[in-house]
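Shared chain: chain A. Partners: chain B in the first complex, chain C in the second.
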Partner chain A sequence: MATWIEACAAEDVENEDLIRFDHNEQTFAIYRSPDDEYYCTAGLCTHEEVHLSDGLVMGHIIECPMHNGQFDYRTGAPRRSPACIKLKIYPVKVENGTVFIDIGEPS
Partner chain B sequence: MTANAADKRDYSLTGPNSGPGFTPSEWYSSRIPRKRLKELMKRSDRPSMVNYSIWLGFVLALGALLIVTWGTVWAFPIAILYGVFYGSGADSRWHECGHGTVFKTQWLNNFFYQAASFMSLRNPYLWRWSHTRHHTDTVIVGRDPEIAFPRPPSIGVWISNLLYIPALTGELNKMLKLSFGKLTEEQKDFLIEADRNKAFWASRIQLAILVSIAGLSISLQSWLPLMLVGLPTFYGSWLHHIMATTQHAGLAEDVPDHRMNSRTVYLNPFFQFIYSNMNYHVEHHMYPMVPFHALPALHEEIKADCPLAYPSLWAAYREMIPAVLKQQTDPNFYIKRPLPADAMPTPDYQRPVLQAAE
Partner chain C sequence: MRVVIVGGGQAGASVVSKLRQLGFDGELLMISQETVPPYERPPLSKKHLQNHTAGKLVAILPEEFWTECRVELRLNTRVDAIDPEARFLQAGKERIDFDHLVLATGSSARRLPEAITNGLEQIFHLRDVEDANALHAHLQPGTSLVIVGGGYIGMELAATARVKGLEVTVIERDDRILKRVASMPLSNEIGRWHRDNGVRIIECAGVAKLSGRKAVQNVTLQDGTKIRADIVVVGVGVSPRTGLAEAAGLELHNGISVNALGLTSRPGIWAAGDCASFEFEGRVLRLENVQNAIEQAETVAENILGANKNYRPLPTFWSEQFDHLVQIAGLFHPSMTTVNRQTPSGTSFWHYHDDNLKAVEVLNDPKAFSIARRMLADGRSPAADEVASPDLNLKTLLKTSKKTEPV
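Showing the complex of A and B:
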């Protein structure tokens, strides 16, 4: 079942960048791509649970700050080791300048 | 007098100290505004292309000169220079490309990573994972597979390691064993299953190249082919290792603060070029996302929060040598780096494994 929650203002995330968003016990990463689309993944790297929000967005890739593992944040797919396990991704919508994420059904 | 057995720490990755290290959030990082950090982390092919073209240009030109002067007295100094560019230059570049930060274009990182791994006779997969662990658990006893100078350090091993000869024969040994699909228990501790086959094949390919070069040398009845490929790693890596020894030797173990377990040393431009700016080692460990060409700028950004950088290689050795001698009898001794008055202190810490043992 969809569970939409308000994550941040759209302008809180710079173009080609990400921010961290914590909700209850969970932590997420909210991305804004170079083509101004918004995405959301789990906030911690699947390799050693480091916050991805300190990493670097390059195009549609997020590079983890710890060992430079990479993921495609649109699909969560790992792109360079030591990142080997897929990141969970969450549906996103932007309404009236606010970013909402659906934390009900990650894929 | 030497240290007694009770003072010796177990550095193995499968021994009593192999319990958990510190969590990522426990490691100290100097604060940098996100905007500035993003500028520093930014990838670009251009500065790296210039650096790598100069490096490769020297390797090729000196290699050609070695062929031309072979059999004359000029071959000797040229071989020394060629060896430094080949062996020492490749060793730092293997490391940088392993982090994937050198080039914006990923295939260039991968290409130079494989090439420089061969030139330093390292298995690209084994070392990628070992180095990953080194960054997670920098100088954490029982966790870090890359602690080069366990305490009490053996002076003989220490001096021979400076020239990297025992480590290189160790790498050849590893290459042979990996070619036969054999891993030690320690290697299994950090090399993931998915990359083991790749590691075996990489070693087989490296070994096949070396055997072919040796075969060429035999058929030509000349050392020249081996002097150009294979042997330069042995006779040319010394400069890299004289610089790399300063990275962590004699400093604190088991502390989640790179300012305490790593050194930043100012070097002359030639050494810094060969060493790919790895003399900014505190900076590299604190922010491994920052490419080598931006490390001097990162240093400027955080130096007020770090111990004073060593003014020269000699200054670092002047501190390390007495410390290593003292560790012969007192393995608990280490160099405590003083922080500037305005720097953030090292946070309180205690390793979970040691807490549990109390």
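Showing the complex of A and C:
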């Protein structure tokens, strides 16, 4: 079942960057790609539970700040060791300048 | 084709997983002297000792990897000899043939001479899970711990033990802790964290002897100072495990010599990780960190399959002590010029050779580190005065700074 929640204002996330968003003990990462699309993944790296919000977005890749693991934040797919487990991703929509994420059914 | 890996640490694990990831379909055999499949070593001096639950190690590869990816893993197995001509290993009575051999034998903790330790008990090292388990039982509040050697293992252990309530003294031979692996401002900062937390650090001090009845009781320094010790941990660096390679006649140079591909002096025999030394930008390097173990090993895997790819390391390293995080990228050298960047989010030290950025050390600011590492990887050198200015955004500098040769 879809569970849309308000995450942040669209302008809170800079182009080619990400921010951290916490909700009910869960932590998420909200991305804005170079082409101004928004994406959302689980907030912690699947390797050692580090906050990805401290990492660097380059194109469509997020690089974990601790151990260099990389993921494609659009699909959650790991792109570089030591990351080897996929990141959960969540549907995103932007309405009237506000970013909403659907935390009901991650994939 | 059959590829055999000797060594069950990070480098060995990275070779086998990369080979399968690249679609290698031949036989894979890993031979390890350890009792458990490859696990992450960095937590051993930190989390593993802090919240210890016996046997709870972080496996590098998921349990199902070995069967799903058809990798035969032989634990508790010692290789006795390599025949590089006929391409086989001797392990006890068994002969194991190989087409390619990867030596990922790692390194072992250096020991103090017997003349100093006098065969006493309660003297520990910290290299593998057995060491960590043996040490853990003794980390009790009030215990006097003397650590010989102010390197990263020694300092991480000092912090872990201090948090657990031990009385901790670190003895360093050089005039500052971490001299071989950190810049002076970083050493100073880390030293300050320790002193603030009640760790005693004695620099410029050699250990003359350890004494006691059966177990160690005192550490005597060369100037005669006597320090009470219930336990002693020796953290005076590691030596590459090169015995097998040496006996087989492979070239050595403070490690098993490999070229940029990761190939030793004999065809079909490769080496990666702590045990391998290689020339890079005019220096012979042997890197003792996870990043090198992964990336050099993955390059070897690619080259076994014919990629012909040169390894260009961007050393990265991290350490956690008390509530602080240190992250380092690049290769620092004392001849470099250092620029200090101080922002509300954290402190970092930027090291230049001429106008070229070569290494960055970052304290408690992972975002700055992510950007600095990317600059080094891309060969970008932001101007020193811009880095020093806290008002300039690093991400902007990442995009505008000039591109030089990659480090």
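We take it that the second predicted complex is superposed on the first by the 107 of 107 C-alpha atoms of A that agree within 3 Å, B and C clash if a C-alpha of one lies under 4 Å from a C-alpha of the other, contacts with A are read in each partner's own complex, and residues count from 1 in each chain.
We take it that contacts are C-beta pairs under 8 Å (C-beta built on N, C-alpha and C of every residue); 3 or more make two chains touch, one makes a residue touch a chain.
Owing to the predicted nature of the structure, the values given are computational and were not obtained by experimental measurement.
Let me test your reading of the model: by the given contact rule, A:17 touches which partner, first (chain B), second (chain C), both or neither?
both
For A:77, is the partner it touches chain B (first), chain C (second), both, or none of the two (neither)?
neither
Identify the partner contact of A:68: answer first if only chain B is touched, second if only chain C is, both if each is, neither if none is.
both
Could you look at A:9 and tell me whether it touches chain B, chain C, both or neither (first, second, both, neither)?
After superposing on A, A:9 lies clear of both chain B and chain C.
Could you tell me if A:49 is touching chain B, chain C, both of them or neither one (first, second, both, neither)?
After superposition on chain A, A:49 lies in contact with chain B alone.
Do chain B and chain C land on any of the same chain A residues, and which?
On chain A, the residues that contact chain B in one structure and chain C in the other are 17, 48, 50-51, 55-56, 58, 63, 65-68, 81-82, 84.
So in the complex, which bits of chain B are touching chain A?
Per the stated touch rule, the residues are 23-24, 38, 41-43, 99-101, 104, 106, 128-129, 132, 135-136, 192, 194-195, 287-289.
Which residues of chain C touch chain A in their complex?
Residues 14, 17-18, 58, 60, 62, 290-291, 294, 298, 316, 318, 327, 366-367, 369-371, 373-374, 395.
Quick check on the complex: what are the chain A residues that touch chain B?
Within the complex, chain A contacts chain B at residues 17, 48-51, 55-56, 58, 63, 65-68, 70, 80-82, 84.
How about chain A: which of its residues touch chain C in the complex?
On the chain A side, the touching residues are 17, 48, 50-51, 54-56, 58, 63, 65-68, 81-82, 84.
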